[in-house]
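In what follows, structures are represented as structure tokens.
The two complexes that follow have chain A in common; it is paired with chain B in the first and with chain C in the second.
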Partner chain A sequence: MKLSCLQENLSRGLSIVGRAVAGRSTLPITQNVLLETDRSMLKLSATNLEIAITTWIGSMIEEEGAFTVPARLLTEFVNSLPSDRIDLEMEEGGGVLRFVCGRAEARIHGADANDFPPIPQVEEGVAARIGAQDFKLAISRVAFAAATEESRPVLTGVEAKLSGDRFTLAAADGFRLAVQHGALAEPVESDIGVIVPARTLNELSRLLGDQNDTVDIMMVPARSQVMFKIGGVEVVSQLVQGAFPNYDQLIPQKYDSRSVFDLQKLLRATRSAAIFARDGSNIIRLQMTPGEEEAPGKAVISARSEEVGENQGEVDTEAIEGGESKIAFNSRYLQEVLAVLERGQVALETTTSSSPGVFKPIGSDDYVHVVMPMFVQW
Partner chain B sequence: MRHIIHADLDAFYAAVEQLDAPELRGQPVLVGGSPRSRGVVATASYEARVFGVHSAMPMSTAVRHCPQGIVVRPRFDRYREMSRRVMDIFHDLTDLVEPLSLDEAYLDISAVVASGQLPLGVAIDLKRRVKEETGLALSVGAGTAKSVVKIASDLQKPDGLVVVAPGQEREFLAPLPVGKLWGIGPKTAERLRRDGITTIGDLAGQPGDWFARRFGKRAESVRARALGQDDDPVQTERSPKSISAETTFPNDISAPEELRGKLAGLAANVARHLERKELQGRTITVKLRLSDYTTLNRQTTLTYATAAESVILETAWRLLAAELSPGLAFRLLGVGMSTFGEAPERGQQLALPLAEG
Partner chain C sequence: MTIKLLSPELAAQIAAGEVVERPVSVVKELVENSIDAGSSRITVEIKGGGIEEIRVTDDGSGIPAAEAPLAFQHHATSKLDAPEALDAIATLGFRGEALPSIAAVSKMTLTTRPDAEDMGYFTEFAWGRPVGDGARGSPPGTSVVVADLFGNLPARRKFLKSAAAEAGRIHDLVARYALAYPEIAFRLAVGERQSLATPGSGRDADPLLAVYGAAVAAGMLAVSGADPETGYRVEGFASAPSLHRANRSYMTFFINRRWIQNRMLTFALEEAYHGLLPEKRYPIAALNLVLPYGDVDVNSHPAKREVRFHQEGKVYSTLQRAVRSALVSAAPVPELGAERRGTWAPFSGANVGRGFFRSQFDAGASGDSRPAAGGDNRVDAGLDGAGPPDAALTPQQALPALRVVGQVRLTYIVAESPDGMYLVDQHAAHERVLFDRIVRRAAQREVQSQPLLSPVAVELTPGQVATLEAHREFLQTYGYELEHFGENSYLVRAVPAILVTQDPGKSLLDVLDLVAFDGLLRERGDILAASVACHSAIRAGQSMTEAEMRSLLEQLEVTDNPHTCPHGRPTLIHFSSYHMEREFGRR
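The block that comes next holds the complex of A and B.
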């Protein structure tokens, strides 16, 4: 193998595939990155066996070939080089890849490409196409609600359902549920539902950056694989096996009280309360009181810790429908849903203090977030 | 804030005997089994208690302590009758009466207090009415929490009256021995004593994380009681074992949509009852009676407790749908919920009832 490429291209490529490099692993070669000539490009691949990322960078190929070197070492070395041309060449006798960039030179010991786990080729599945930013928004609003502990593996995934020209992402961790609907860029030929690891989607979201392009998706449930193509990057992931819980019945269709908040105001009061909640039982209490006649009403957001003290903030609501209501949430769950909705207004719908609270952004029917309350003494 | 009274009849069985037999008045009366047949003391009159006799003591021991004691066989029908008369007086005052046994009850008098009466006045009136109408002496504790009033009624027995003013709960409890607190048994009390915690005040002064370590899931409730701040409501009835609803149709039904519609009504009914009783169940049952009067019961148990109408409906429908076949007509449908979970602890994160997909 012998080729030349630009330092900045190699650096960028390595940072893209780097997220799939295994940490400590029982299979040491998964800590390597696979370098492979592919027509007139240099192909970079890494995998931790759950997820594989591949990208291509432009290069001048003189001699074809493939080799793997430790990803972290190579990345750090390349990042230390000036923005210049890098020449790569296998040393005679093999086993060592030589890098030359200006007057810097390195010899890196590696492993045979044939020993690298094969990157699955995902073909002949159900194809779909989603706008990159639509997908990124949906991931940001849903993936955080997935479970992080593995006691129920399906809950560590995000269920993706595609039907006609719509998609739905849903995640739940046993205490909360997030569901986002959106439009596909092109309709799917057949309806399909798969469970994608939340980790995969979080990596994908990072790769999507501020791209305005579309993401091509290929799902092969029979082989439990999914591939995402974004620009010149391919992400292949294992799917989570199993049946996702039927969550429709968990989304309350009625409420006794509905309060509309300015998100920034509510988020600010919640963050103040969270400082006090974190030393106690992580409980934040919300008490909504409708206003007299035309007045919009107010909410008191409070938290207390026996040791530290207590905090109480009052927020004007934009509107309160129905009567007074009281509900207490885990501080993290409350902050997380408010943070992903970012700006604008949000409605909180409640029935009783021990029934789920429902958050919906105002002006969009595409998102619903259900959070179970904490049972507290009022 | 709640206003609660704990009302406790003094030496109830013995007092009834003394009431019915004037010659027993002023005498040490021991109500219970025979001293020769391993009977125990059910109740000792205050005259007998002076000699160290107490209830549950073997009668043979009791008569050794108190040889002049008059042993009387219990007449439970008579006690039940007197108890009913006293409970009727309680019910005149408030609907919220939680009987604990024949001779004691919690009364929620919040509404009476809200109408302008002071708890002290309510307690005095109650004692007087019971005395006048039944001849029995009642000890009363009044305050804002069950844990407080239960201790208060015991403090000046017999014929006692202790009112703990709102805000004074903690001070009131502080000097009392820790074993008086509801939920602190003799063993726990002994362990606490070894750690230097002898009074309720010592206990209440411990930091929150100490309670968590010491009492685990009970921490918040024990602590609330030690502070006199528990908010257990007066429970007017015992929790049922199951809640169900059923309906017989004027004409047999076989259309699945129609059956589902009926099921939805029943599920809503059950959910409403569960919510009213603050119960959550895990076992969902459907009862099906076919046109030929064959009756089927099908049930499933969820991994979590719920009172959600939609979960009850969907689960019941799954059970019903499995039995459907063309031509089968139903004359009755029922939906039930049982295996009730414990009420959640304070500070507990409630779970989303995620069924298996």
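The block that comes next holds the complex of A and C.
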């Protein structure tokens, strides 16, 4: 293998695939990055066996070949180089890849490319297309609600349903449920329902960045793997096998009380309360009182800890429908849902203080977040 | 007092005590007799945890009417005829103690009919005295009814646990024999409820399914191996490394299909899993060792629970190798997605990284009110490997100011203080911190319960049901909301808030196992607090940042008893400056 490429291209490519490099692994070669000539490009791949990322960078190929070198070492070395041309060459006898960049030179010991786990190919299969920012928004609003505990694998994933020109992402961890709907860039021919690991979607969300392009989604017919194509990057991920719980029945269809908040005001009061909640119970209490006649009403957001003290904040609501209500949430769950809604107004729908609370952004029917309240003595 | 011979009645009652300890011992003796009689169907029915009534019915060979009265004499057995035979015992029973011992402490009726005879025969005893016998129509086989157990020994009865707990033990026993004898159809009825039934199909997988349920059965690996030199064989099932439990009670061993308890075998099995299971997690297994009858002595314990081996090392290595090879051959070939992360409890110390570093001993902290624990012999004793520490003996003693040096083996925190070096067990220390917090909260009755969006159903064993029912109120105090859901199923509707990062069903099973296992603590409430603490504490093998370690030590300093974890293990070991200097020959 012998080729030349630009330092900034190699650096960028390595930072993209670097996210798939295994941390500590029983298979040491997964801590390497695979460098491979592919027509007139240099192909970079990394995998931690659950997710694989591949990207291509422009290069001058003099001699075809493939080799793997430790990802972290290579990335740090390349990042330390000046913005210049880098020449790569396999040494005679193999086993060592030589890098020359200006007056810097390095020899890096690596491993044979044949030992690298094969990156699954998803050439054909069902395809769909989603706008990058639509997808990114949906991921940000849903993926955090997936379970992190591995004992119920389906809940560590996000269910993606594609049907006609609509998509739905849903995640649940037993205590809360997030569902986001959106429009596909192009309608799908047949309906698809798969469970994608939340980790994959989080990586994807990072790669999407500010891109305004579209994401192509391809699935092998057996539905064991999925590939996302964004610009010049391919992400292949395992799918979670199993049946995702039927969540429709978990979304309350009616409410006794509905309070509309300015998101920023509610978030600020919640963050203050969270400081007090975290040392003790992690419980944040919300008490909503409708206003007299035309007045909009108010909400008291409070937390207390036996050790550090207590906190109470009052927030004006934009509107309250129905009577007084009170509900207590785990502070993390409350903060997380408010954080992903970012701006605008949010409605909190409740029935009793022991039945689920429903958060919905105002002005859009696309998102529903259901949180189970905590039992507290009021 | 004058010395006199015990009355036969009293002597019988004393002898009975060795064999018949509790209802489960009766069931064991009767079931073993039924197995020895070549039965293909054994039914056990109990009422009131076996205290009110135990009924064991089989379709075995029966006892000829002429011999039946003899069966109730001490040391009367059909299973042994010459002393040499004692060296090679193939039957489960042989001592001739069981029936007379049980008869001495209960009202007992035996009805039996060998297949060849037309008429059955019954004999009845009350507190060891015959009260009637004669001919009686009965199906072929033997049926024994034992009622009012220990009715004549109120003292013994006082030591029995609740009916549910005794029923749990009986279930446990019948389940183990069902595993060892797949060709026998076992049925256990507790009151009106059928608690276990195996088809007697002869297929090993069937009792496994009946006893442990589909989820566990699917995760079990077949074990089969032999030592070519001795001919010892091991057969049975052991759980794949992804399946494990919080206590050792799921490891079952049989020697020539006799259920035994043996620490050496337990150890051999755990060794086979070495490096495959998280800390303090144990496999599920049912393994039968096939040895020549002469190579094992079962005659060393009245209840025959313990055995002695002729070649202990060989037994050990045969078992360990067989299990290890089953585990290794089942290990998946690395492939995309095959890598499974362990399910370590995430470090839930909400306080990590906050508060200033009080422990810096050069920052004048040593001038505060906490005295240095310079002369703490008990902690020092750990260095010399002296006897187990006893929490009760530990004076309430504050820790000296500790400075974090680093972490060893991802398990121990190294810290120094003016009086030397400390090794802190990170799991034990965190357990202590959480334990104190949980107990404090529970005392304030501040329930922290997080309900589930949709309830999770868990399948429990009768033993776990007994534990759950016995501790229901405490479970509630800590935030569990559980609902009975038919048979041995329960719905988990809410979990303690501290456990939200865990799988609700799995954490409940762990908590129940720990509660059942842990008899060390002062009060029942503490047991639960300790289980919950243990469950959510940082594990060994988890790397900690310096800030986390510092925070943990700070929190440990302010606990009531920083020297031991809630189970009584030490949280830290002290290497005194004096000791180190002496070891290095500086003094």
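Assume the second predicted complex is superposed on the first by the 376 of 378 C-alpha atoms of A that agree within 3 Å, B and C clash if a C-alpha of one lies under 4 Å from a C-alpha of the other, contacts with A are read in each partner's own complex, and residues count from 1 in each chain.
Going forward, a contact is a pair of C-beta atoms (placed from the backbone, for glycine too) under 8 Å apart; a residue touches a chain by one contact, two chains touch by 3 or more.
It should be emphasised that the depicted structure is a prediction, and the values quoted were computed from it without experimental measurement.
Partners chain B and chain C, once the complexes are superposed on chain A, run into each other and clash. In the superposed model, A:Ala243 lies in contact with chain B only, and not with chain C. Once the two complexes are overlaid on the shared chain, A:Gln121 sits clear of chain B and of chain C alike. Of the two partner chains, neither chain B nor chain C is touched by A:Ser364.
Applying the stated contact rule after C-alpha superposition, one finds that A:Asn79 touches neither chain B nor chain C. Residue contacts after overlaying the shared chain place A:Gln264 against neither chain B nor chain C. Of the two partner chains placed around the shared chain by superposition, neither chain B nor chain C is touched by A:Ser40.
Touch criterion met: A:Thr352 reaches chain B, while chain C stays clear of it.
Residue contacts after overlaying the shared chain place A:Leu49 against chain C, while chain B stays out of touching range.
In the superposition on chain A, A:Thr148 contacts chain C only, with no contact to chain B. Overlaid on A, the two complexes show chain B and chain C touching the same residues of chain A, namely 172, 174-177, 245, 250, 281, 283, 306, 330, 354, 356, 370, 372-375, 377. Taken in their complex, chain C has these residues touching chain A: 334-341, 343, 346, 350-351, 440-441, 444, 446-454, 456, 479, 481, 494, 497, 500-504, 506. Put simply, chain A touches chain B in their complex at residues 154-155, 172, 174-177, 242-247, 249-250, 253, 280-281, 283, 306-307, 330, 352, 354, 356, 370, 372-377.
Those residues of chain A whose C-beta lies close enough to touch chain C in the complex are 25-27, 47-50, 52, 117, 120, 148-152, 172, 174-177, 225, 238, 245, 250, 278-279, 281-283, 306, 330, 354, 356, 370, 372-375, 377. Listing the residues of chain B that touch chain A in their complex gives 207-209, 220, 224, 231, 275, 308, 310-311, 313-314, 344-357.
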